[in-house]
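Just so it is clear, A, B, C and D label the chains in written order, and each chain counts residues from 1 on its own.
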Amino acid sequence: MSTLMLRTTGITKRFGGVTAVDSLDLEIFENEIVGLLGPNGAGKSTLFNLIAGALPPDTGRLEVFGEDVTGQPAHRMCQRGVARTFQIVRPLAGLTVLENAMVGAFAKTRSVRHARERAEAALDLVGLSEMVTTMASSLTLGHRKRLEVARALASQPQLLLLDEMMAGLNPAELDPFIEILRDVNRQGVTIIVVEHVVHAVMQLASRIVVISQGRKISEGLPASVMSSRAVVEAYLGDDFAIS
Amino acid sequence: MSQQIVNRSSGPIDPMVRSRPLPKHSLLIGFGVVAIALLAFVSSSAPVFYGHMIVMTLIYAALATSWNIIGGFAGQLSLGHAAFFGLGAYTSSILFVDFGISPWIGLLIALLGGATLGLLIGIPTFRLRGPYFALATLALGIILLNVAVHFRELTGGHVGISLPPTEGWGTMTFLNRWQYVVIAGGYLLVCLLISGIILSNRFGYQLAAVREDEEAARALGVNATRVKLLAGTLSGGLAAGIGTIYAQYILFLTPDSVLGTAVSIEIIVLAIVGGSGKLYGPLLGAVLLIPAGQLVLREFGGALPGLHTLVYGVIVIIVILLFPRGIWGMLTDTAALINRRRKHS
Amino acid sequence: MRLSKHIWETILPFLEIHDVRVNYGEVEALRGATLSVNEGETVAIVGANGAGKTTLINSISGLNRLSSGSIMFEGQPLGDLKPHRLPELGIVQVPEGRRLFARLSVDDNLQLGAYHKRARRDSVKGREEIYRLLPVLQDRKDQLAGTLSGGQQQMLAIGRALMAQPRLLLLDEPSLGLAPIVVTELFSIIARIASEGTAVLLVEQNVSRALALSNRAYALQQGTVIMEGTGQELLNDPGLPAAMLGIAAAAKE
Amino acid sequence: MTTIQILVSGVLIGGVYALLAVGITLVLGVMKIVNFAQGELLMVGMYLTLLLHTVLGLHPYVAFPIVVVALFGLGAGIHFGLLRWVVDRGHTQQIVLTLGIGIVLQSAALMIFGGSFQSLQIEPFRGGSIVIGSISIGTTRLAAFVVAGIATIALLFLLDRTLTGKAMRATAMDRDAATLMGIPVQRVYLITMGIGSALAGAAGVMLMPIYPVYPTVGVNILLIGFVVVVLGGLGSVAGAFLGGIIIGVVEALAGFWLGAAMSQIVVFALFIVILLVRPQGILKGDTV
């Protein structure tokens, strides 16, 4: 692995009495695809919100390429090259597919022409170039998810945070989607995927981090992580391994 | 690195694929100038009633178009837009009556004043979401109305301000109506041009993103606070400018006539009925509703006062229930549907 | 007597879900799921996240509209009914995340559980029974529901549903976010409810316990049933962990 | 006039504000709709009182139940015919729709009754005022205040003690969960809107002997109503009552010291400050 791209140190977020992310240390290297797994309510989405600047952490530190970016607002993080998608897709419903992607592209350019070019390139990459004039509100979920990725890509990110992009896709949609992400990664974009479709993550990720109740419980190569007892318990219930 | 994504772009853009062709600004100017000339000609020879109708339609169209920048493009429901309109009207009128400053300079000062007010209000209120922003702007309108009532020495209180009928271009005061058509029409054209330019630039895309989903917009690198402030500043400034023109046309101001809540509501009604967020929506709303209101008022105003506002209210209810995207939105939706059908068959 | 009851059951099955499809917008969350629950039976539905479990439960209780297929309760199609009519029939759901009325007291929450006419008559007696079944609520009956601990809230959510005198209780992820010791207590309560004759349809993340508790079970994957059998059969199926982690999709392709 | 005298009249008029605000806060709390037609509903209540007096010779206080029931019906009808369709839409559409309803009611009043101010003089009872020391309390104002207090307490009782009231609160907290418990949510909304309008009607009856009626009388009172609602904490019935009295007092004092227009400025500036500093309201409470 090469350069350290993202580092969280002791990052913590509480909501009321619940500690959603609990003093978490995470290191992401350039050009990796890291799978972030964990059962419902483990704190994955909160962690994404912290990294993307949508939420400020209570304590802890966030670095991008060694630079302290703790507490930077979301739009600054995007301009710095950290793009994210939302678990529940949030298309800009009243805009067309192209316009959605152009909003992302405008993070790095003022020129409408450049933005259009970048947006079209990103839409092409995810296979939406036939639908540029379609209103985002009338897309299928599969297409919405692609749009969400394209929009993030159009902002020319260095780090892409994908939040459950594959949930709800049917098997026919799944494999092309994985191919798209591989393609994106080959072009130099580091990716963190939060995913419930574990087999997809196993195919895709070079490294897996498992969190449960806001803490990291396992980390390593996909095969070894998924057979670890802690992970099986976290997913199937505390006494599954015994019964 | 991610530069490569761009390099995959496949040559020149197919013009058919463009989702939003660049607004033809030059075409807009051309059409606008011809339309204004035509309307000016008509108003110089038509009966007074129709001349008045044309000027009022232009003034309200400009006002609704200015509201559209913050209310439509940015999706922030401002219920106090009369505050800017009235501020502009009072500013230039006071400068003219008390200090002899030409309304043209007054217009510029009004623009600046409205923009400043828009900015100052935006800083605290844009934090408010949903109905709270609407309520705060509503309160702002009422505050300004009462300021005008209270500071009698400056504003004449309830009695208002009468402007001297000294005719001439320098004083922006005319006995005929065609000059007002030119001025108000020109101003409307400027408002439309600015709106068109906003829509076809990054700013417009970012405003639309904020309107659709502020959190998603922020995640896409949009500084939501900044674009909303800029929209509020522009919107407030333009609304104040049209206030000056209105004052010079009517030559008489009272707090209720330019700062009243009814004015704010009328602006919103025009924009929403026509289609808020669309470039020509508010214009369409004004063109449909203002003449209709004036005609009903003339025909039935004596016998049935209130009928014209009743018609307004019923139209608002019907549009909200049946065409929530406004008449312009309904028309473009229908056009798109017909287009698609044609393609399929 | 026994025979006639049996005949009755063959004529009018209790809950029959046939080839149900549900779309969210243009997404298929359920792709032709078929399953049934017999009177008094406890049935578990397990599956990975996004497999359509919650969608299925919400379809029964009327929160989701079916795109096609049918859901019949004792021969009556549920699609014709407004969702608020279901408790009257005896179908009551404990929604995921408990969804208590946080700023109402424990007692008021229970009272609202017995909103429909038939249950309303027995509201006072019903509450006494709930307090007997769940004594932890008794001491807190005037406390606001939102101030209870997670486990107590789940007990209240179940108690609130029981107030409606359900014949079919739909439980959506009842153990989510609860401490292991509370989960044990929770499952023993569910077992007790089931043993008293109420049919239970249980959606659970805690697969081992859910299956151990149930008479029968279904495993869902991407909106269809991929395994069914007794709880023990599924528990012993070597394919289950893969299904739970969403890996079976790869095997099937 | 002494300061105490002003305080007392502020408190009394605050009762009417409270009555209006309680209706707004109820609809907002349960249905999440800001009802901009609430002022016009009050106006309708005033005209109806006037009409019942001039046509049937009914004393306003005798007409009270008729007006309240009629306004309940009007509010329920507005929900059934119109609001029902926008419950799930955005705030902008809800606000503009209720503005439209307000415009229609206002215009109808103008067409039927004309634009002039109309007052209703009633036989002064107990000499028209009660004098305690140096303070004189108008009996009509006192009656308005008492009715406001009783209405608020009755509503609190309904919300807190009856199954219907609890169902309203439950619907306010979690609509889907309420549905799952068998609560008919649309009927709850219908009742809520009916009660909200009935409260506006009650305010109208009590205001009629104090204040002249004209088609736009509701507009300004509505705005005061919003101030009260925000001050009292959105959705809080008790807060709205207390807020009404506070605003009544603030307005009366500011009006005495600074003049009428300035008092409006003070009230609405206070409103904006509250919105910015504590949008959940000063008197935090959550009856609904």
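Observations on the model:
The working rule: a residue touches a chain if its C-beta (ideal position, glycine included) is under 8 Å from a C-beta of that chain, and two chains touch if they have at least 3 such contacts.
The shown structure was predicted, so the numbers you read here are calculated from the model rather than taken from an experiment.
For chain pairs C-D and A-B, the one joined by more C-beta pairs in contact is A-B. Chain C and chain D have centres, each the mean of its CA atoms, that are 44 Å apart. Annotation: 41 Å between the Cα-based centres of chain A and chain B.
Chain B and chain D have Cα centroids separated by 33 Å.
Here the spacing of chain B and chain C, counted between their Cα centres, is 54 Å. Of all possible chain pairs, those that touch are A-B, A-C, B-D, C-D.
Residues of chain A touching chain B in their complex: 52, 54, 73-75, 78-79, 83-84, 86, 90-99, 102-104, 106-110, 112, 115-118, 120-122, 124-125, 129, 132-133, 151-153, 155-158, 184, 187-189.
Against chain D, the residues of chain C that register as touching in their complex are 61-63, 82-88, 92-93, 95, 99-104, 108, 111-113, 115-116, 120, 160, 164. Chain D contributes residues 34, 82, 85-86, 89, 91-93, 95-97, 99-104, 106-111, 114-115, 215-216, 219, 223, 226-227, 230, 259, 261-262, 264-265, 268-269, 271-272, 275-276, 279 to its touches with chain B in the complex. On the side of chain D, the complex with chain C involves touching residues 163, 166-167, 169-170, 173-174, 176-185, 286. By the touch rule above, chain B contacts chain D in their complex via residues 75, 77, 79, 124-125, 127-128, 130-132, 134-136, 138-140, 142-143, 146-147, 149-150, 157, 261-262, 265, 268-269, 272, 304-310, 312-314, 316-317, 320-321, 324.
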